[in-house]
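In what follows, chain A forms one complex with chain B and a second complex with chain C.
Presenting the complex of A and B:
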């Protein structure tokens, strides 16, 4: 009769020791402003290494069997709008997973009480698994999708494209902020709320569009997230035992709810509305259900008794649901030559659906799509970005273009700090900057790097060119009589220029 | 500025990868949890319940017709809403931060 694993786990915990080769003060080089001394953490998932590996091996056996079957037994071709969109969508994921692994290693070393450390260490291994699962999906698609260009440069693109910059900014903040903040931000907002929606909610879309491989990848990744969500709850429950942590928790939740809204939130909505042809729920409907009712409703309601209030920018986050996907699409489609997938413009049927789900859509966005459709033939020598009046400014914090909620009615603002002018997309990002200004400086954004470049030079510098050395990977339509080349873009003569900065505004 | 009142909710749920095991787990959940409902989303199913959801290995084994265990359940448990509690013979989802 085998001993209860739960009882055995408690016994094994007592074997913990302090190493003799390093002092505590030498080990804990990264400090936290949260109060952790004397608190009693609880570990909900009592996992031994042996059981962990058995479980993960079973997951991989099942998943890679699907991968194998999918390579050999494909019955029909998956949807092109989805498969092309995933060149952009998937490319950013591997670096995020790897970063999460680093973040957890940092937490296990620097702040974890013994009861939480096992969970964080398991998460390091999980994130390495996820990195590889996503890389294998990219490789599978590169080998099996009829136009592999874009999948082949995916990992490079994650480091250089504007989309990549948005996620890098978020991950690098996670890796360098207060380590306890990392747990709340990553495990609560990313893993419990937003990436939960992405991996589970969008798996259903992936399957519907014939991408069963990605659906399986997403669901198996999320099954590990079940333990990560528990890590986050365990950390939060521990912190709540000390009243001095309450204002620190509030600050952290306000910052990260906004940051994750302005990164994952934008991505989730864009994919759900613009990369699908088989429409079910709108991005707004999906978010209202998953995020605002289930997550924010369920979560914050429980925290009220500790004196924690709903996120500062919750009203804005909810109001944004009418615009997030559509404004993001204008940027992604408008700046198509500096990305790396084939675009499928919105059809009359798509536009009718948008007007139904988002009344007023056509008034705000219709003219963009009319302009876009006039600029798809390379022989016309028209670039939609020129029709739009050029590229927008970008936010110093989140790296998104300052076009939200609407390009014509955005909350972009300037702010003077230490004699320098900074640009932010919103009060939310401006506040994040002001709370820790040095944390958000010292790098080059897209406009810093490419101001003065003619557009085809930007594409060439980013490496988004096909094997022939002259055809762009990106194309404004799925099918074309002739594909755009660097020369076609050059003839349009668009030179990247920093636009005039937005007016000054206070954060409050 | 609109202030939407966040809906108060006491529902918890588990999301499972679609397949034979998920169907058996859903059937077992309906036996053991009076307020359980099941939604099919194609690639995954959601089992939802009021305040708590108990997934008991014994009942699942009966529904599935072959031996089952917690580590195998965790293979197909893709996600959940609430606070999870893993035991030797069950996985429970309870309301978060319930005292």
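Presenting the complex of A and C:
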């Protein structure tokens, strides 16, 4: 940046004003427990609004030109497993981006000194742009994919589905926690730690599976992420100037490393391993390289000189890489009637690949897939979820079922708080709860709403039914001789029931 | 074929091979340019090329707009020079770049030559006229073989604070041109020319426990690091595994013992592969890597510095990773004889 631009930038900063119509304390409705007084914020990037818009407009122009061309050209059909999985994936991604925009608006309002505010505000606009890009991809897929059912309800489904609850709980935590935590959690973990993993993994997988629309969407989004990482680093570098913030930062990094591991991280692994047919690296391999070696190994070391230690549950997070996607897949496939896409069961070739990439996979998960394959034809009148003994418990914090690391050997636990029993998937989530019980104890999950419902009633209540009012949107296979109807599910007579709670355990 | 990349306004220069991006050439040579994805998609490494032709075709159209390309903006991770280029950096501080120390040539003379073992020599040089030679512990220099155009690379064993002298530990290689000279023609007071310092093998600041592993003359940079850490009176936990053949090959034992007095938490683990008489040697035996296997616990939070022959380093990396160490925290300097280098 030339000297004159730097001067201009400083001049722009100097025209900030204090409003006369509202007091500062009324304006800052949310308080942070971090110490911000007297800190000199690091300016993350000197970008003018004028340049910002020029850049973003050209990005949009390019992307929508691809969308337009792709909708007119009837070229080869994308991969069906991928396109069906994206009904679930994209609906949630769009919701996450929208919530990120809200989070940044909150940051800009509550905590931001002038230097950081500009960055946060541009990120608000970025996130809104990303949300719209993903909504347009959903719309494009709805018009062009051979089975639009599921894409048509995607945005609502992200809010109502039991799978979306994992991401929704994460986003709501971002929006309601201490506002400074939001920056560390979102920008340091979702956008820095997981960024390469997510964008490289998802956009190259989209391209490999013929989904040019999503590949282009991911590329245009990724080109904004560098600024978001810079926002996160600028916030952290500013906070590190005051020693009193160090223990608060440690606590926040401990919380969000685990929180994102059990939400965004699970989703990432699940998609990388179970929604692809053109297989390259496993989710574990990608995680070991991008997330653990580069972020927890490399990036975290920069923080050591401030006295920041590796997150408390890092060893478990690494050990989880052998199980995360597989246990999550059992849940996602097992609960198929309450989702909104067609499932493609794992083939012999998939299983062979899993056994190679994750030795011991068949011993842990093979029996589930055998049971699943026996229950795909509606005339058999068998639901895999019933055959396997019903739904598990769900975690009060992350909303995942308590089946990690392995369903048969999980770390689910109960805890009494204020005379009420709460259930957690792990010591990590239990600690998060204990540090701020008021934040989580009111959360209602799937079982709170649907305990005692016959399963077809759940599907009907969620609205995941096709236009004929009878056939389920979700199907356990890509191509069935006959599709499952609500009546087929009802005949299987599975009533949702809270399972017995796990034993009590103290947090580690 | 390689091209020279100049970073304006600092005038920092480095060489970039024709199949190498400007970013990877910079990082390889210790110039800390900023980067994110390293594959042309995120835009973190954006900078302007003010002179010279480059190939930018691998950059994403979203991360690098056409109007930016028209103005000479490039993503350094996806920019391949086609001739010498000048890159204009904005918003960089020269200290951010942690630019490698400038490479200088320095006239020295031999202070002392000392045979430590059957095949390792200690060579002490002094800079002429009391001048000093600045380097970081772990770095190496090239020494001109007197009377030839040949240069040979050796790591310093002295602490950087001891800047008027240069201490090298040199393994004698049969037929090696410097080795032959060392064993034969070299005399005290003889003029000798060096250049450097080179290399990125340096101790990272921080608090992480340190594992050091060396074999043979790989002792040199580790000794330099230990000396520097001793001067800092560090309290970091340090474990040093040193592999040698016999008890006679355990060089620098006295120096290590005296450095240990200044280190808060230091463990020295010598490992002999061929102890002459088991009754006299009560320490670790076998390969240095098997000693790490036996002694080290979970190394997730630790970092490692390895120096020695490539086979030892590769084996040590495997063991350290199995013990939980992140590969981004394993730093090493492979000693390869010049004869095998090309």
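Following the convention adopted for this analysis, the second predicted complex is superposed on the first by the 500 of 508 C-alpha atoms of A that agree within 3 Å, B and C clash if a C-alpha of one lies under 4 Å from a C-alpha of the other, contacts with A are read in each partner's own complex, and residues count from 1 in each chain.
Everything below uses one rule, namely that a contact is a pair of C-beta atoms (placed from the backbone, for glycine too) under 8 Å apart; a residue touches a chain by one contact, two chains touch by 3 or more.
Fair warning: this is a prediction, and the values are worked out from it, not measured in the lab.
**Student:** Determine, for the superposed arrangement built on chain A, whether chain B and chain C clash or fit.
**Tutor:** clash
**Student:** Of the two partner chains, chain B (first) and chain C (second), which one does A:206 touch, if any: first, second, both, or neither?
**Tutor:** First partner only.
**Student:** Check whether A:382 is in contact with chain B, with chain C, with both or with neither, and answer first, second, both or neither.
**Tutor:** Once the two structures are laid over each other on A, A:382 reaches no partner at all.
**Student:** Quick one: is A:215 in contact with chain B, with chain C, with both, or with neither? Answer first, second, both or neither.
**Tutor:** The first partner, chain B, only.
**Student:** Contacts for A:309 in the overlay, against chain B (first) and chain C (second): which applies, first, second, both or neither?
**Tutor:** Once the two structures are laid over each other on A, A:309 reaches chain C alone.
**Student:** One more residue to check, A:39. First (chain B), second (chain C), both or neither?
**Tutor:** Touch status of A:39: no partner.
**Student:** Just chain B (first), just chain C (second), both, or neither: which does A:51 touch?
**Tutor:** Touch status of A:51: first partner only.
**Student:** For A:142, decide between first (touching chain B), second (touching chain C), both and neither.
**Tutor:** neither
**Student:** If we overlay the two complexes on their shared chain A, which of chain B and chain C does A:175 touch? Say first, second, both or neither.
**Tutor:** Neither partner.
**Student:** Under the stated touch criterion, which partner chain does A:319 make contact with: chain B (first), chain C (second), both, or neither?
**Tutor:** So A:319 only meets chain B here.
**Student:** On the superposed three-chain arrangement, identify whether chain B or chain C touches more chain A residues.
**Tutor:** It is B that touches the greater number of chain A residues.
**Student:** Do chain B and chain C touch any of the same residues on chain A, and if so, which?
**Tutor:** 45-46, 54-55, 58-59, 62, 196, 199-200, 203, 219-220, 222-223, 225-226, 229-230, 292-294, 296-298, 301, 310, 314-315, 318
**Student:** Please output the residues of chain A touching chain C within their complex, sorted ascending.
**Tutor:** 1-2, 45-46, 54-55, 58-59, 62-63, 195-196, 199-200, 203, 219-220, 222-223, 225-226, 229-230, 292-294, 296-298, 301, 304-305, 307, 309-310, 314-315, 318
**Student:** State the interface residues of chain A toward chain B in the complex, per the touch definition above.
**Tutor:** Listed in rising order, the residues are 4-6, 44-46, 51, 54-55, 58-59, 62, 196, 199-200, 203-204, 206-208, 215-216, 219-220, 222-223, 225-226, 229-230, 233, 236-237, 240, 292-303, 310, 314-315, 318-319.
**Student:** Residues of chain C touching chain A in their complex?
**Tutor:** These residues of chain C touch chain A: 36-37, 39, 41-44, 60-63, 65-67, 90-91, 204-208, 298, 300-301, 303, 324, 326-329.
**Student:** What residues on chain B touch chain A, complex-wise?
**Tutor:** Touch list, chain B to chain A: 1-4, 6-9, 11, 13, 15, 17, 41-44, 71-72, 74-88, 95-98.
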